[in-house]
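Dropping the structures in below, format is structure tokens.
You will see chain A twice below: alongside chain B first, and alongside chain C after that.
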Partner chain A sequence: MSKPKVGFYWCASCGGCEEAVVDLAEAILDVVNAVDIVFWPVALDFKRSDLENMKDGEMAVCFVNGAIRTSEQEEMAELLRSKSQLLVAFGSCSQLGGIPGMANFFTRESILAKVYNDAPTVVNSEGTRPQEETTVAEGILPLPAFAPTVRTLDQTVEVDYYLPGCPPPVKLIAGAVTAILESKLPPKGSILAPNVALCDECPRKETKPDKLLVKEFKRPHQIQIDPQKCLLDQGLLCMGPATRSGCEAACIGGNMPCTGCLGPTDDIIDYGGKALSAMASILDSNDEQEIARLLNQIADPAGTFYRYCLPASLLHRSILPAKNGGVKV
Partner chain B sequence: MKQAITIDPITRLEGHGKIDIFLNDEGDVEKAYFRVPELRGFEKFSEGRPAEDMPQITSRICGVCPTAHHMASAKTLDDLYKVDPPPAAKKIRELVYSTFFVEDHALHFYFLGGPDFVVGPTAPKAERNILGVLGKVGLEVGKEVIGLRKQMRELISLLGGKVIHPVLGLPGGISKPLTEDGQQKFIEGAQHAVKFAEFSLQVFADVVLKNAKYVETITSDAYTHKTYYMGLVDEQNKVNFYDGQLRVVNPSGGEFLKFPAQDYLKHIAEHVEPWSYVKFCFLKDIGWKGFNEGADSGVFSVAPLARLNAADGMATPKAQEAYEQFFDTLGGKPVHHTLANHWARLVEMLYAAERMAELAVDQDITNTNVRTIPESTPTEGFGVVEAPRGTLFHHYQTDRQGLITKANLIVATQNNAARIAMSVDKAARSVISKGKVDDGILNLVEMAFRAYDPCHGCATHTLAGEMPLEVLIRNAGSGEIINVIRRNA
Partner chain C sequence: MFDTHDPETRKTFEPRIVAFFCNWCTYTAADLAGTSRMTYEPNVRVVRLMCSGRLDPQFVLHAFRQGCDGVLIGGCHSGDCHYQEGNHKAFRRYTLLKRLLTQMGIEEERLRLEWISASEGDKVRSVINEMCEQLRRLGPLRLERRPELRHTSVNQPDRVTVEVGGGSQ
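Here is the complex of A and B:
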């Protein structure tokens, strides 16, 4: 029997997801033995034309990381969808939009203006911008179009499964590969990680008070962070209550709060809204003015609660004029 | 008839790199363009974010060198809040940073750049990769590379929480101290790293330097550009990755500039071209004079070769010895041969390993005082480190609450972008003639950018020589495909 065919691809991403696959270290040898990797531009010599020449559904599964921002990424997503039986959104950017998804707080024009005209180091008196087509002395040079917003993979094509995280933890990757190989996959649309909040697997769980109440919100640089105690109980905005587990609380192991990269658990419709309500519910006051004062201590609510998930959220983007610099919740 | 050759995608870049080569009627190269068709806009969406979150936000620029952005950002926050981290915090940051350099440089040598030499620049394409390297140097060495890398990455996780996008950096220090148990692991790791770096230099000496053909390729004009060079140096003008002043030497090797990160706007500027999303840095003191080399052009270079050229030596004994041998062999300073980056990278790996060993036994390293809480009102901060692929600047302005109002980031490969474009153009002109293009020739063109370990796609963790390459020979006017050359595994 021939081995199942597998593909990997990246869109608007940082390369951390590719690194996470490489961090399988010895285990990757088992994967290579069990499957036939037929498309992985970062590592193997297969081309877009090889992909185009495949039959529809020829690949058993394709893992795609990165968000969708350029015309080229959209074309590739569509192509990979048609050639794969299963398409897995791999990592925060692909699942939720990720940190580059925060670009949706701003207009396309303001991003281009910032980068190519207004940056303090730019010397560009003619106002040159990258063009979708440039005629040079020798011929024509095309570039992919830069879309108005960042989209998730499932806002572009149909997705079967999701591997969350920035990057996905190695154990979750290994688990997903095993589930696929052993045909033990959960229902279509599932997120391949535990469906419980991070607080559940947090090593500081025992120090979280039964009724957690916060009198002041703190920012990490303002306090000496206690290495044992629940971070929320120290007034830090730890996203543990709203965030899916599966990372073994890695950032908390680094003595810093969870920032929410694994996204929501199954029952949450809008991660940012859930995170905001989780924080609102622990305010130790019933006085309106006091509540307003406490909430004002959250310096950047939009960027904090929607850090990895703005494109996937109900908001998707800010439509304020660029001069306002984006939206505040 | 004019022809255009498009190499697309070059997957060792993040996103997609492209090379467009235009041939004249005789089939010789008129010009080759090296381009980056990608933009995410971090400078813009950083606006409004809390400054203290920037080390974790900007690390997402690159998941291969997240530690470089993380450290540059943490240093920028120190400057923003005018806060001096305690000695242990600074030393732990540098310890983590040195560990990161060892694994990153090792990866490039064995997986990415090395195969061109260890296996051979025009060796059969199927062998020109990590497996070919293992065939030459033995499976045990391969296991050693994987093992060393795993050990280094676990050490980074120990302090950073995780290795891909670590979390330790804060203004005024780091989030947690190093335990004595952790110190022991670093001491063992450093010993391993020093041995590994020495071994790697020996591999380079045996495989490359003893091969006259390879030495001829390295020193050939096809891969040579006389430009300015920039790198961080300490007070003795020795190479430093974590701290110091920027030193720029001219194409003759003389000191041209020396400045702190705070002065970067006076000296570094960016040029925009309509055919690439990447911006091209140049020395403001000289100005943008096009893609040209020489003392009259503002084009400069960063990364290992540039760092060695810009410094007077290495701060550790074994690396200093290797540094001297490097310049003695290649004819003195400065060395202008792009492919010498591979050797320079190994000299740096040895320095990083020795520096790790020094810091791991430092008397301050387990001190639990690792944070100075900032008290001043933030306004503006500058920070710089040497990323493995070259100088990396961060620059933030904030409101009184410490929310970013403006951010400017000059990443390593932008500093190198102009010279990389020139290198690809020159290599293409040198190796392509009369329209003859084959797999070996394509690899010789690729080697021109590979030596820089470009960080456009910091995700350069690929198997060298197995890049999916397709050359489309098209009618320059209509775009009609005349011929397709594929390189298969």
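Here is the complex of A and C:
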């Protein structure tokens, strides 16, 4: 019996997800024994033509990380979809938009202006900007177009499963691979991680008071963090109550609050709205002016609550200038 | 769709408001406005909640995504909450949500919270009329389109099997 063929690909992402695959350590040898890796451009020499030459559905499963921003990423996502029986959105960026998804707070033009003109380290006296084609001796070559908005993988092509996390925890990856090899996958569309909030598996769960109330919100650099006590109880914005578990509270183990990379549990329709609700509710004040003052200690609500999931959120992105009565951003 | 810059659109545009009213005060006040035969703008769709503290910020975001131009929240005055402090919780969420919406480019007039007791039918009328007028001036809320989700429906057979070496024979 031939081994199932597997592919990995990245779109708008940092490479951390590829690193997570390598973090399987010795277990990766079992994976390599069980499957044939037929496409993994980051680690091995594969070209787009290798993919194009495959038959439809030739790959049993393809893991795609990264959000979708350029026309090339969109084309690759479509190509990978047609060549794979199962397409798995791997990591926060492909599942929810991730860190690159925060570009949806800005317009395409303001990003290009910042990166190619205004950044203090940029010298670009000719005002060169990325082009969508370039002329060489052999003729005109097309280049990827930079879309106005970041999309998730499932806003681009049909996705069968999701592996959440930034990057997905090794245990979840190993579990997913085993489930695929043993044909023990849950119904399609499932997120391959537990459907409970992180607080449930938090080692500091016992120190969380029955009625959680905080007098002030603090940022990690402002206090000496008690390594035993519930981080919310210390006034830190820990996203545990709104975030899916599965990471074994890795950040909390490092004495840092959860930032929400595993995204929402199944019952949440908008992660940012739910996280905001959880954080605002624990503020111990009933005075309207004091509430406003204390909530101002949360410096950047949208960036904090939509850190990994802006493109997947209900609002999807900030409103573009001139749409609402011509507000200039 | 509407073009906010077009003066003709501005003339014909009627805002859609979703109002979340607390059962014990503002909803009763709206009832009072009705039985007192007060007339107010018909642009509001009232959703009754048991308490303004039941208002999940997701409801507001969902209402905006579904096409409403403004959201009004009505709750009990401070100290009057039937559940003691649900209205204070609502205020905390509302305050933070408003900042988040502003960051997203949504004008702050589109989300409004008012404390209206069961006897203040007239306040229901004046708040709705006033908000309606503000939204008429502001024009329609034009969110960016959110791409359709393309994930496989969860209503699939329980077992999913992969054809090993599929397609290569």
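Here is the rule we go by: the second predicted complex is superposed on the first by the 310 of 329 C-alpha atoms of A that agree within 3 Å, B and C clash if a C-alpha of one lies under 4 Å from a C-alpha of the other, contacts with A are read in each partner's own complex, and residues count from 1 in each chain.
What we mean here is this: contacts are C-beta pairs under 8 Å (C-beta built on N, C-alpha and C of every residue); 3 or more make two chains touch, one makes a residue touch a chain.
Everything numeric here is computed off the predicted structure, so don't read it as measured data.
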| item | value |
| --- | --- |
| Touching partner for A:S2 - first (chain B), second (chain C), both, neither | second |
| Which of chain B and chain C A:R317 touches, first, second, both or neither | second |
| Chain B versus chain C as contact partner of A:C14, first or second or both or neither | first |
| A:I291 touches, of chain B and chain C: first, second, both or neither? | second |
| Which of chain B and chain C A:P100 touches, first, second, both or neither | first |
| Partner chain(s) touched by A:A302 [first = chain B, second = chain C, both, neither] | both |
| Partner chain(s) touched by A:G175 [first = chain B, second = chain C, both, neither] | neither |
| First, second, both or neither for A:K274, with chain B first and chain C second | second |
| Those residues of chain A which chain B touches in one complex and chain C touches in the other | 105, 300, 302-303, 325-326 |
| Parts of chain C lying in touch with chain A, wherever the complex brings them together | 4-5, 56-58, 60-62, 64-65, 78, 85, 88-89, 91-93, 95-97, 99-100, 103-107, 138-139, 141-168 |
| Chain B to chain A touching residues, read off their complex | 2, 4, 9, 11-12, 14-16, 20, 22, 30-31, 33, 35, 37-45, 47-50, 52-53, 56-57, 60-64, 66, 77, 81, 125, 146, 150, 153, 157, 159-168, 170-172, 175-176, 264-265, 268-277, 279, 281, 284, 288, 371, 373-374, 395, 401-403, 406, 408, 410, 457-463, 466-470, 476-477, 479, 484, 486-489 |
| Complex contacts: residues of chain A adjacent to chain C | 1-5, 54-61, 85-86, 105, 149, 151, 154-160, 162, 180, 183-190, 268-270, 272-274, 276-277, 279-281, 283, 285-286, 288, 291-292, 295, 298, 300-303, 305, 313-320, 323-327, 329 |
| Partner chain B, residues of chain A touching it in the complex | 10-20, 22-23, 25-26, 41-50, 69-70, 72, 98-100, 102-103, 105-106, 110-111, 114-116, 119-124, 128-131, 134, 136-141, 143-144, 146, 166-167, 219-225, 227, 247, 250-256, 259, 299-300, 302-304, 325-326, 328 |
